[in-house]
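Each structure below is given as structure tokens.
Same chain, two partners: chain A is paired with chain B first, then with chain C.
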Partner chain A sequence: MSTIAALGRLRAAATGYAQPAATVRHRHLSARPMVLVPYVLAGEAFAPLAVLVGTDRDRPHLLAVPQPRDRDRRFAHAAELAGRLLPHLGAFAAETETIERRGDDPYERSLDAPQVLVPTAGGIEYLRLLGRSTRFRRTDGEFAVPAGVPLLGRWSTWLADRAGVPGSSVLLAMTDLLTQAWATGQSAMEDGDLASLLAWIDPPAGRRGDEAAREAEGGPTAGPATDPAFDERLVPLITAFDEAVAAERESDEDAARGERERRAEQAIRDALAAELMPTWDRMWRGVDLLSALPAGASVAGRWEADRASYSFFAADLADPESRPQPRVPGAISAAAQLAGRERAQARLDAEQVRDDPLLMAAVRLAGEAFRGELIAVDAERMVTEPGKKTARPRPLLVFRTEDEPLFGPGTELACVERPDAKARVLVNEPGRMELELFGGMGGGKAPKPGSVPERGEVLCWTSLIAEFRRSPDWPAVEDTPWTHGGPPPEPGSEPDSATATGPEPDDDALEEWS
Partner chain B sequence: MTTAHTRAPQGDPAALAAAATAAVLADLGSGAHRGVVVDSPPGAGKSTLVVRAAGELAASGERLMIVAQTNNQVDDLLVRLAEEHPHLPVGRLSATGYRLPPALVGTSVSNAEKAEALDACAVVVATAAKWALVQDRRWPWAIVDEAYQMRSDALLLVARLFDRALFVGDPGQLDPFATVDTSRWHSLSYDPSQSAVVVLRRHNPDLPVHRLPVSWRLPASAAPLVSDAFYPFTPFRSGTGPGERSLRFEAAREHDAYDTVVDVAAGSGWGLLELPARFTGAADEEAVRAVATLAARLLARGGTAVGERTPAGVPLDASRIAIGVSHREQRARVESALRDLGATEIVVDTANRLQGREFDVTVVLHPLSGRRDATEFHLETGRLCVLASRHRHACLVVARAGIPELLDAHPTANPVHLGVPVSFPDGWEANQAVLAELGRHRVSLTP
Partner chain C sequence: MGTTGTTGAIAGRLEQLRGELPTRNHNARTVAALAANPGCARRGVLDAAGIEKTVLAERLGFPARYGRSPFAIGRGNVFEARVKADDGRELRRLLAEVLGADPDDGALVDVDRGGPTGPTARPGREERVARTREALLRAASGDPDACAILDHPLLPLDVAGRRAYLEPDAMACRVAGRLHVVEIKSFAIIDGSADPGKLASATRQAAVYVHALRGLAEELGLDPESVSTDIVLVCAQDFANRPIAVVLDVRRELATTRRRLARLSGVEELFAELPEGLTFDVAEERVGAAVARVPAAYLPDCLSACELALFCRDEARACGTGGDVGTLGTSVRGALGGIDDIGTALALADGTRAPEPGQEDVARLLRRAQALRHEALGGVG
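On to the complex of A and B.
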């Protein structure tokens, strides 16, 4: 935790009111987010119980499974959820813009992309497991499922994968969004509870945040794990439903058929609605609070990456040859994923502190940035660097600062206010900093007009620099080297147990449910 | 705490080391294996082995590529190659703007940005990052240096360039790290965040693994402790015996805790300068000042290091002293404190960047000093191992009191992942072993 973050938490604890942890919102917030509040049955690896879903706060749709252990009902539920989600997820693919790329073919990028908001990180894991359990289902043969089910699985997998990319905004947990923006006086673990977190940030009129948070404790949980007290109320309802189904199977009276079962199911739905609705309302309250924050300057740039990923995925889905995402990534794609996420993390770290003076304050306190007034400029300074034949413009900038940056001579710095400028530390003395400008001045013999800061400017310089690194050229899958197990076996070929050292071939089709 | 898990190899160290090297070269020469792995404890002559193996492969007419992890490592290797094999045509593949360091100018080493320009060279050396950009070339042999520091995804990018390879590295040092959560790849045999050797061996369990049995760097006072704590199943011994190296200082003038701990370390090879217990941030001002002051005092005391390489004694100047810390911010603050004391030539660096380097005396800020909790980062065995094994004569540790209690309050709680080989040794136990030894050389400092 940075010093500023710790200070925010201490202040919140001392005053009873949440404190700002950021001055801007660092994630994209869609004008029409899809809110999804999932519940799963306790004690099962993954048995969906209910979902409250929708894009209109006044019209939540409750999808519930009256007997979550019944696998046919699970897939019926998945199909129903697909009916709600798929039209929204696919709706943004049609409108695109053409993006030119240097050294590569241009591609089509959608103008907007869907966004799914879940209450907690558990909701992201829910979508990953939903994807895992549905994307390999077949729509024909013995265990056929409705066509939307495997498609929903592929979308859920894309959303959950993308949520692991630092800075992505297609699938976000409300607790993460809120803790990025506000510091509370409770522990990080307690912040994982949406009810008490929101109570800290947005207490009822006349109440302090800490009081409101204590009152919110013990209410319905934000899921996907249910409250044990709720489980105890749910068990007799599910038992009643099972009995209704069994009784009606034996009954001959056509008229009464379905009525008892319908009533039992309605009782379960009512109980779930009562339990889920407080979270639904909190989700939209959270959306309101976050919309009131201005977006960080680089949020749109990161959203472009989400839009590109969305377009590529949508195009892949449309390809008849395309297959569901594999159960585990191969050696090459695992390495490419890790490298891609590390690039995204580096970009996010550098962009967030540039966008937000409060985050930058933490960096300044750690000695990795300073803010100061330019008190002297030598714009004419020229230097012939070792190994070079001609002198290049290297303007000298002298700053007065009260910060205490820990830069040694030669440290390269980037400027928040002048994103193109690059400078190197010459002298770092208490209160005074001498820099040499070496980038962002154009390629000419003299600096481009306006590229050298002027006396009196107050600028912030940091050693946290987002370097653009190209993705490496990963080998083709069939060229996987012997050090990493060699090329994986062709799909469908006989697995050779003596030499197979990679993951065993996918035997999912043999499983009734996985 | 210092019960030996396995006995250290016995006998004449030079003969032991020669036998190990001969076995490695025999395995290479036999051509029976696609890869050979050599585990080398700190200062066990890894570079010497690489240079010798390069010479033998080149002598048999095989073209060879060498993969190192950093530009400094490449340059160090080139200097050694040029010294040992002055007539061997050696190439250095480098990025735009790189210039050969003065030590390599006028040697048989040529520098180029493109592999095509170095086709006449018997040996080509570059960083893994640079090799990843090479196309349309293939070498019958590669030597991968510091292979335990290399991430397996980096090996994935260069493995297409060679048929067979010798992997050399120190398994006790810091594992490679990633800046994002890597749990989603944990159980994969080709986990891209694991070290190159771990992945290589999981896919090629039959490759021969050799171990170098003698540390030429660590003194007799340090090798048993480092071996027991960090290499419990693959013990090694020091190349020198007790008393073969000594550290002498001029008489103390201040007679304070700093002088006392310098004298303790001169006599025993270890010293612990202990500050009063207190919870602090990473930037513990008192500890930072104590580290810088202690290093400056080492210089001011006019030390002389006597050893097998320098029987007449050599003055302990700033180039023979280093300071090891855990965080970049600590490095910056110690450097700043050294500037105030006028001792700027002393190297200060984080454990990650001190890997592979060697000094006569080191001053270490203990990774757990002043902490309220013991996280995975601070408990990582490799971090302490690197910091406690850079010295030829003595290692002085600066720490706040209370670390044993902190450790007792934070037993290892790392999740165990299915299908992932257990890494040895346990960071918690290694920390306790080192602290137990340091406790015998404790000097209290009251700021």
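On to the complex of A and C.
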């Protein structure tokens, strides 16, 4: 952690109020985000218990599973959730723009994309597991599930994969969004609790953040893991539901049929709603706080990448030949994915510090940037570089600065205020910096008008430059080198493994589900 | 036994500290938890005295928010029973798979069943320890009728001079001349990977069993090395209830456990600093002052490892001028170059306090950081 970020936490602890950790919002925030607050049953690999879901803060939809260990109910729940999520997820695919690419075919990119907000990083893991547990289910034959279930699985997998791409905004955890923007006077671990984090940032009127946070601790949890104390209350309700179901199976009276079961289910729903609603309200309060922050200048550019990924995925889904994402990616797609994430991280790092003077301050403190006043300019300076025949314009810029950058001569720098300008360090002395401008002046014999900064300008220069890196040329899947496991087996070549219809579905449906 | 006992004088002081407070029966979970925050003297003393910290935390007015979900407990029990059902058929298959054991070799002996008063009565603890020893000896001597799997064995372990009884889920006896601890956990291994937190805690617990088992082997005159450091972890596969087994090397966790247990016996140095006659068994309004006499080293990680954490956090937030930097996490502390008081760090940053000798560099960094922060926030930070 930078000393500047650490000072934010210290100041918050000393004053009792959260402090800024950023001056802008670094993620896209949709005008109509889909908020999803999930709960799962403790002790199970993945047994959904309930979700609160919706795009309207006044109309949360509670989907609950009165007996989460019942496999049929589990997939009925997934189908119900698909009914809520799929229309929203697919709604943005129709309206597109055509994007031309140099040296490549143009493609269609949607004008907007869906955004799902969950309370914590656990919510992202929830979507990953939801995807894993549903995308291989069959919609025909024995143990068939409704058509929306495997489709929801593929969408959830896309969302969770995309959440791993640095700077992506299609699936975000509220605790991550809030801690990017504010520093509290508690530890990062305690910030993982949405209730106390939000209490620090937005305490009730007349209260200090530290007091409010302490009071918020130990309340209903933001999930997806439930509070064991809540589970103690849930046990008798689920038992009562099981008894109602069993009793009604034996009963002959039509009048009473369903009524006892309905009441038992309602009791479970009431308990879950009471436990989940505080988090639902906090999610929307968080949305309010975040929308009050101005978006960083490069946020829209990164959202374009999300829109492109969305369009590609939606197009793939529409292709009848396409298959669900594999359980474990093959060597080549894993390498491509990793390289893509590294590029996204480098881009994000460079863009965020340009958008945000507070993050740039940490870069300046670390000696990788300086900000100073231009005290002398030689706009006429021409240099014949070694190996070149003609002299090129290389204006000289002399800055006065209090920063202490660690640049050696020749370090290439980019400018925050003048994004096209490129300069090279000539002399780095305490308090004084001499640069030579070599880019962003046009190709002529003299610099383009206005391209050379003028005396008196205050500019920030940094060596953090997101260079455009082409994606390496990956071999075709059938040419996977032997060092990486060799080509994967042809589908259908092994009689007991994958068949032409895609990967083998999980066979847990064959088990008795208790 | 491998662990050293505590001397009489120390035992007396521990007893005095404890008074009539309820004591804790250690199990593998609590012994494994001893490894957390070894720098904390308060924790060292309380663990050595064997005080039930949940009760102490309640008396202090900071009840611990711990607990296991009844759903998780239920599922764990069902899964374990399933793995061991039919004379351990499923478990044998798994052991054959990962260790190359002969699945039909030897019986499954349940140490927990068949006492002297009848086949269903539960035997006492010492009797179960005796049966565990006997089974171990027979397995070691190569008895052809020796058991293949020992169910519910009971292992004694001295924790700071007090006897704890540990109950591994099972032990596989003599696979290729070695004994293997088997740990059955109901969490899932999905596509070959499991939750790292759950995996780490299972590994630590298994290491405690290996340690106790090696102690028992030594006591019986057997080679402690015959207890393997490769343990077998049985988990649920993917989303099914079907078990899957993996072999894990617990050497690193074993070394940690051994060090920590040895340190518990070394509480003498901690006591040298404490006032004579100190006891935690006092009225509620005075217990805070008594506990405060033993210094703590609070870290945010304590919140998930120690029942007393909320009390220690409150104390750390109130100490010095503005609280202890450690309450904000180790990454904040790392950025402040050894200044451990929040008020001092801020005063140095604001330039309202002159640095002490040795603090000049940090003070300069803090002042520079504060100036940059102030500038970036337009003069309001």
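We adopt the following convention: the second predicted complex is superposed on the first by the 494 of 514 C-alpha atoms of A that agree within 3 Å, B and C clash if a C-alpha of one lies under 4 Å from a C-alpha of the other, contacts with A are read in each partner's own complex, and residues count from 1 in each chain.
Rule of thumb we're sticking to: contacts are C-beta pairs under 8 Å (C-beta built on N, C-alpha and C of every residue); 3 or more make two chains touch, one makes a residue touch a chain.
Predicted model, so just to flag it, every value in this text is computed and none were measured.
When chain A is checked against chain B and against chain C, the one touching more of its residues turns out to be C. Touch criterion met: A:Val328 reaches chain B and chain C at once.
In the superposed model, A:Thr98 makes contact with neither chain B nor chain C.
Using the contact criterion defined above for the overlaid structures, shared-chain residue A:Pro472 touches chain B, although it does not reach chain C.
Contacts of A:Pro166 after superposition on the shared chain: chain B is touched, whereas chain C is not. Applying the stated contact rule after C-alpha superposition, one finds that A:Thr390 touches neither chain B nor chain C. By the touch criterion defined above, A:Pro228 lies against chain C but remains apart from chain B after alignment on the C-alpha atoms of chain A. In the superposed model, A:Leu338 lies in contact with chain B only, and not with chain C.
In the superposition on chain A, contact is made by A:Ala346 with chain B only, not with chain C. In the superposition on chain A, A:His484 makes contact with chain B only, while chain C stays out of contact range. Residue overlap on chain A between the chain B contacts of one complex and the chain C contacts of the other covers 3, 328. Listed in rising order, the residues of chain A touching chain C in the complex are 1-11, 13-14, 19-20, 23, 41-46, 129, 132-133, 185-190, 217-218, 226, 228-229, 231-232, 234-235, 327-328, 357-358, 360-362, 364-365, 506-508, 511, 514.
Here chain A touches chain B in the complex through residues 3, 164, 166, 328-329, 331-332, 334-335, 337-339, 341-342, 344-346, 366-368, 386-387, 406-408, 472-475, 479-486, 501-503, going by the rule given at the top.
Within the complex formed with chain A, the chain B residues making contact are 34-35, 99, 132, 152-153, 155-157, 159-160, 165, 178-182, 184-185, 188-193, 196, 199-200, 202-204, 281, 283, 329, 332-333, 335-336.
Chain contact summary for the complex, chain C toward chain A: residues 65, 67-76, 78, 186-188, 190-192, 236, 238-242, 300-301, 303-304, 317, 322-323, 325, 327-329, 331-332, 334-336, 342-343, 345-346, 349, 365-366, 368-370, 372-373, 375-377, 381.
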